[in-house]
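One chain, chain A, links the two complexes that follow: it is found with chain B in the first and with chain C in the second.
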Partner chain A sequence: MASIELLLIIALASGFLAYLLGRVNRVYGAIVTIVSSMFVFSSLAYFGFTDSLDTTVSILPYVTFQVTYLGMFFAVMITFIYAMVSFFNPMFIKDYKYPGAYSMLYILSMAGVIGVFFTDNFMVMFFFFEFIVWTSMFLIPLGHSRKAAVSYYAFSAVGSFALLFAIFMMREAAGSFGINAGLAAISGTNAIVVFILLIVSAFAKLGAFPLHTWLPIAHGNAPHPFSPVLSGALVKLGAFVAVMALIKITPNSYVIVALDLPLAQYLVAIFAGLSIVFGTLMAIRQDDAKKLLAYSSMSHGGYILLAFSLGSSIGLSGGFYHIVTHALATGAAFLAIAAVGRQTGTTKMSELGGVIQKMPVTYVVYLIAIISMAGIPPMGGFISKWLIFQAVIDKGLILLAAAVFFGSIGSFLYVFRPLAALFLGQEKPQFKGILKEAPVIMLIPMIVLSGMNLVTGIFPNIFLQFINKVIVELGMAPVVLGTYTIQGTNGILDPLQITIAFGIGVVIAFIIFILLKKSKQVGLMDTYTAGNFIYSEELMHYSVDFYAPIERLYEKHTTHVQDMYKSLENKVKEFGNVVKYFFFTNKPEITVFWILIIIGALLWGDLL
Partner chain B sequence: MMLSMLYGVGIAFFGFVLHTSVAGINRKISGRLQKRYGPKWYQEFLDIFKLLSKRATSHGWIFDFGVIMALGGIIATAMFIPVTNNFLAFPDFDNFFIFAYLIAVGMLGMAMSASGSGNPLASIGVMRALTTMLAYDIPYMVVIVTIIKLTGTSSISGLALYQQAAGNNWFIVALPLGAIVAVLALMAGLGKKPFETYIAPAEIASGPLVEYGGKQLGMLFIMMEITHFIEVSLFVNLFLGGAENIFIFLVKYFAVYTALSLISNVYARFKIDQVVLFFYKWPLLIAIVQGFIAIYLGWVI
Partner chain C sequence: MSAILLIVIPLLAAFLSILVKKYSANILLVVSFASVVLLNYIPLEVITIGGFAAPYGINLILDQYSLIALYAVNVLFFLVVAINCAKFKKLSSILLVALAGLNGMILTGDLFNLFVFMEVSGIAAYLMTTTNQKPLATFNYLVQGTVGSSLYLLGLILLYAMFGTLNMQDMAFQISSSGYHIAVTAFPFLLMFIGFGVEAKLLPFNSWVQGILGSSNRLTGPMIASVYAAAIGFVLGRLLTELFVFEGTLLLIVTAILGFSIVAGEAMAFGAKKVREILLFSSIAQAALVALVFLSGFTGLAALLLIANTAGKLILFLITNTATDQLGNDDISTLQGLFVNNKVVGVSFTVAVLNVLGLPMFFGFVLKMNILLEFFQTDHLLWPAVILIVSVVEGIYFIRLLLKLWFKESDLPQVEFEFTLKYVVVVVAALLILFGVYTAPVEQAADDLTAIQYIEGGNL
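The block that comes next holds the complex of A and B.
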């Protein structure tokens, strides 16, 4: 038996240990993050899957725990991402202004994850929720952008306050802060309000339209090793909140008979569809590879919300599995880009090219990650998208199907862009001779994640069986699984069979290739140029405005949401100036006067 | 399982031979239309075998690996194709989405290899191919979703049997608007004019294929022939009621491919943004209208 409390305390303590050791030598602190996150992940996974997590609490005040399959699903997956990414920390730690603080905050934010997913009390959950927000808020500016942290905090605050109000309303209805009691007790008009609040919170956390603008800013500017954690792990907190709202609360709303779907759920699905489309369109036009992946996270967040909002067990299963496959794929892709960023000093595609020549392993990792992200077999992304397609088609949602397929085909476009512009193409002269493959310690997690991408695609039933337990716990029928097959609503899928077929195809192609005459190796500059003499690599590399013809069709309409938030920001600033003018002038007595008036007004009727 | 796999490889080989012959005959037909004599019907075979026997240049390992991945992925996809009701390798497992996404592995391999050649024209060609795909696949998928929702199965052979059952029309009749969209999408998928923007020989020097020669080009030609076989067979199975025996399949296959070739002969080429605007203006609208009237109003002929 392993006590969750003990794990939490160990995690918190190792955070402070990391800080102290980080003061001595910055690399030691980073190594503590590896040890600590690996320990937390492996104990959670081992004791969790053998059903031997102990929930008794003896030291921590107010905190109570419970073990649910839902919580364990999220906790194990998120700590796995933390554990994998932590291998990158020693290599990046020298870039930070406060290396000790980085190591400490990294571990503390992971400790918060344990608290959120294993508690049965709303207030404790909210406390750790905020704990994660605050620790990660101080991690983001270590990537040298203060604005990114502000933007992250502003949107997180929207989500947090919405969650807090929802918690208060449920407390009012149930009489206690218990999660299950609160969700069960809420009904009538209050249920609708709580539903909306929780959905706002989920959208803000997941970065779904229209609360998405923080995603590219925060992901793009966070330190390289923290971007995968944000995108693969922390964003998924929103999915957890979305499950509470969409599955556990059923507000009395008008049911659309033709679609067999409540209006509330359908509206969420519409916004999820918009997230998919807008995320895809914005990802297509990014030049910074990290921002591109951030917008792809927005689009995939839309898939997850859409899957949950359909309310069928195959949709739920697809949503949960998409959380896993997207976390693995985006984690691997972000790590590959981080490795390139470390070796070259930039992640902008227009400044890079031909990185594959010196970093082939990183390239293969990225390739496997994007095959999964684009939903192509034999990787995990195909299985989860297939399940989501089943759910969408089962409901006959034509418009959402168009959005889903747009996101799916669009993902071919945006994931291919870094492949062509950053990894392939001409080798830029400034990197010739100096560029090296990433160090082995960085290759380890990348290779493990690639392996996981393959395993999720070939043997998905290992994971889907556990997800079935989660679904049953949420009160739905499990998805029918064979030994290797998955039964959908309109067909059966056998991922192993597809993989074997692909393997046979490649073997045949390889035999044809190897039997024929050997080719002559020529350089990359030795290409057809229609008779023109092109002497430099820059001129021979196509990487700027890669999708110019399609970008041109919508480039005038890309800033509407930003403009809206900008004007909102100006209004808030103006209001702040008004407040400042009346209350905080250079005469302190005026401020004191107003404070007294306000206190008097607040206490009116109670004491006075 | 292994036997089914061998059977599948047989189907892929059958598809290669079939499509290369049909394409050869169509070259002859086009020639006669333009008052030329036209090449022999087996000219495409000669081209491919000549290329395979020649010595070529290579631009590094990704250039070669991409070609292998492309051909391998396409062979794997073709293995799942149901040719007739009985001539198929994996009954029940010929899910539509396997074709839609497994074919993408082959495409990705080719795109990767082309970009790996370091020629900007190849990257531009790939960009145009992906953009075209984004244009034509969405309306097409919406039509397919309608069909799957109506029949309750996504198995290609299941859909063919559904159309053959008494009282059901072929979907080209049952869903006439959807069929128009599917024909347009098929033309774009096959790279027929006016949607052949990504090949555009005189403009971007054959796009993705610009750097290839010898065995790599030969393998990519084989890959293209099998890709076309997959796309046309899917159309035959989805909209023309599949085939009870091999003879009916051959007739339907030849009719579809020849009709599309004839249509494409009278068109000039679209610009790439025109392709996108075209598909998002009419076919997408028609597809959605078809979906609404078929699913929610139940108007199926």
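The block that comes next holds the complex of A and C.
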């Protein structure tokens, strides 16, 4: 038996240890993050899957624990991402202004994850929820931009406070902070309000439209190793909140008979669909590879929300599986980009090219990750998207199905771009001779994640069986699984068969590759166009304005939501200025004037 | 030992310090420390002065509530003085008078006596703020403070004419047993509330704050924003719980004032570009929130929130004003990168800010959650919504400020923080964390304070 409390305390303590050791030598602090996160992940996974997590609490005040499949699903997955990413920390720690603080906050935010997912008490959950917010908030400015942390905090705060308000409403209904009691007790109009609040919270955390603007700013500017944690792990907190809202609360809303779907769920599905479409369109435009992946996270967040909102077993299963596959894929992709960023000093596609020649392993990792993200077999992303397609089509949601397909095809477009711009093409002159493959310690997690991307694609049932337990716990029928097959609503999927077919294709292609003549490498300047000799290699970089014709269709409409928040911000400032103008003068008589007005308000009708 | 010593000793020492100017700073330090120590030995009691029984004579009330208030005010006062007494020797006598006035305000059970102590501490404050070197601002403060206390006095005269008593307890009893219509007392109560509103920084009576705190120095900033704010807050809290009966139109007006102060204070802080302005506007919002919590009857939580806020403000103003004194101005751009080389100070500042924001692991979180819970339990859903929405705004500008202060690549501001200051801010910050994690005594204290036998009448 392993006590969750002990695990939490060890995690917290190792956070402070990381700080102290980080003061001695910054790399030591980073090594503590590896040890600590690996320890937490492996204990959670081992004891969790053998059903031997102990929930007794003897030291911490107020904290109570429970083990649910749902909580364990999230906790194990998120700590896995933390553990994988932690291998990058020693290599990046030298760049940070406050290395000790980085290591400490990294571990503390992970400790918060244990608290959120293993408690049965809303207040404890919120405590750790906010704890994660402020610890991770201080990690972001260690990267490129301070503003990123502010916008992360702002949207997180909206999410957290919406959640808090909902929690208090449920507490009033149930009489206690118990999670199950609270969710069960809420009813009537209050249920609608709680539902909306939880959905706002889920959208804000997950970065779904229209609460998405922080995603590219925060993910794009966070320290390279922290971006995968944000995108792969922490935004999934939103998915957890979404499950509470969409599955456990049934607001008394109008049911659309033709779709057999409550209006509330349908509206969430529509916004999720919009997230998919807008996220895809915005990702297509990005020059910075990290921002591109951030927008892709937005679109994948839409997939997850859409899947959950359909209320069917297949949809739920697809949503949960998509959380896993996206976390693995985006984690691997962000790590690959981080490795490139470390070796070259930039993640802008227009400044890079031909990285494959010096960093082939990183290239393969990225390739596998984007294949999974685009939903192509034999990677995990294919399975989860297949499940989601099944669920959407089964409900007959034509427009949403179109959005889902659009997102899938769109992701071909955008994930291919970094591949072409960053890894393929011509090597940039400034990196010639100095670029090297990432160090082994960074390759370890990338290779492990790639392996997982493959495993989730070939043997999805290992994971789906566990997800079935989660679904049953949520009160739904499990998805029918064979040894290797998945039973959909209109057919059976056999991932192993697909993989074998795919493998044969690869082998044939490889044979052709071997047999054909070797290609010859020529210098980039060894050409001319339209009678002009090329005098600078940059001119041959074709990744700038890669999809210009598509972008032109919507380039004027990409900033509406940002503009809205910007103007909201200005409105608050203006309001403050108006108040200042009316009340904060250097003239005491103005104060007297306001006093008279207030007294007048009291006496109005009696004496005046 | 009697509570009266808390007023008498500083007052005597004030006169003494004029005679021996050379040692005035030492006297100040010793006396302010002595009053903190003294608090441990005073029994809880009601002291009758001059042998006249309560409704006729003046009495001092030392109950659980005023004891906590005295602890907060005297400790904060001592800390501010300990850091500043060497630099502001000339003000020693005035500071001693201020201490006597503040202690008197908290202790007194007589409403006219309260006015006297308000004026005593007010005059000390006006004199203190002359060290800001902004005569016009001080003058405004003087005029507004006087208007406020005159209104308080006017309201009190009306009540005296109606009920023939000045004793707080007696007055509350008379009002509740007189059977007067509520509208009759509304006017004097509003006048008294406005009188306090000026000192308690409630909008729209607080335009002096910008001039005074916006150009404050190391002494006046923490003194006004922390020590005075604590004392006034506690007294206002007592009046709100025990004396004032706000109902009908009056309740609406007062609630509107407080709500507006909260929202407008945060909005103004959001747009501010100077560090001290951010702090002063945010303290307007906080003062109004404390008053609102008092008004809603959650006395214990309000008192603790007041302590948390004023302790936090002590850290924030001490650090900001030390840096401003040395750098010349308090534009955010000037102070940017302040903490890069002053990590200890920076961590304390950060803790104080996170405490104000009510983030977990800090004292503020415990209080915020309990306050929201109380509002929900009494079915007031509007206030939690308002508090949470302005919290987002508050969070944005505070986090923005923090990040500016922590990050700058080159050309860092050079500021020296002396050991005493570091010691003080670290200890206060450590306490804010301690009570954020170890919450049992906090909740006990809140329950105790709410459970005291308050006088009949008032809002409760």
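Convention: the second predicted complex is superposed on the first by the 548 of 608 C-alpha atoms of A that agree within 3 Å, B and C clash if a C-alpha of one lies under 4 Å from a C-alpha of the other, contacts with A are read in each partner's own complex, and residues count from 1 in each chain.
Following the convention adopted for this analysis, contacts are C-beta pairs under 8 Å (C-beta built on N, C-alpha and C of every residue); 3 or more make two chains touch, one makes a residue touch a chain.
Just so it is clear, the structure is predicted and the values come from calculations on it, not from any experiment.
Asks: After superposition on the shared chain, which partner residues are touched by A:G220: those of chain B (first), chain C (second), both, or neither?
Replies: In the superposition, A:G220 touches no partner, neither chain B nor chain C.
Asks: Tell me which partner A:L553 touches in the superposition: chain B (first), chain C (second), both or neither.
Replies: Only chain B is touched by A:L553; chain C is not.
Asks: Which partner, chain B or chain C, touches the larger number of chain A residues?
Replies: Here the partner covering more residues of chain A is B.
Asks: Figure out whether A:G311 sits in contact with chain B (first) or chain C (second), or with both, or with neither.
Replies: Neither: A:G311 stays clear of chain B and chain C.
Asks: Taking the superposition as given, does A:E130 touch the first partner, chain B, the second, chain C, both, or neither?
Replies: Touch status of A:E130: second partner only.
Asks: Who does A:G410 touch here: chain B (first), chain C (second), both, or neither?
Replies: Once the two structures are laid over each other on A, A:G410 reaches chain B alone.
Asks: Where does A:F583 make contact in the superposed view: on chain B (first), on chain C (second), on both, or on neither?
Replies: Second partner only, chain C.
Asks: Regarding the shared-chain residue A:I398, is it in contact with chain B (first), chain C (second), both, or neither?
Replies: first
Asks: Within the complex, which stretch of chain A touches chain B?
Replies: So the residues of chain A touching chain B come out as 258, 354, 356-357, 360, 363, 367, 371, 374-377, 382, 385-386, 389, 392-394, 396, 398-399, 401-402, 405-406, 409-410, 412-413, 416, 419-421, 424-426, 488-494, 497-498, 500-502, 504-510, 512-513, 516-530, 540-542, 546-547, 549-550, 552-553.
Asks: In the complex of these two chains, what residues of chain B are touching chain A?
Replies: By the definition above, chain B touches chain A via 1, 5, 8-9, 12, 52-62, 64, 67-76, 79-80, 90, 92-93, 95-98, 101-102, 104-105, 107-108, 111-112, 115-121, 123-124, 126-128, 130-131, 133-134, 137-138, 141-142, 145-146, 148-149, 152-155, 158, 205, 210-211, 214-216, 218-219, 271-273, 276-277, 284, 287-288, 291-292, 295-296.
Asks: Per the contact definition, I'd like the list of chain A residues that touch chain C in the complex.
Replies: 61-62, 97-98, 123, 127-128, 130-131, 133-134, 137, 141, 146, 149-150, 153-154, 157-158, 161, 164-165, 168-169, 171-172, 572-577, 579-580, 582-588, 590-592, 594-595, 598-599, 601-604, 606
Asks: Show me the residue ranges of chain C that touch chain A in the complex, using the header's touch definition.
Replies: Interface residues on chain C, with respect to chain A: 136-137, 140, 143-144, 147, 151, 183, 186-187, 190-191, 194, 198, 203-207, 210-211, 249-250, 253, 257, 264, 267-272, 281, 340, 354, 359-361, 365, 369, 372-373, 376-377, 379, 381, 384-385, 388-389, 391-393, 395-396, 399-400, 403-404, 406-407, 438-440.
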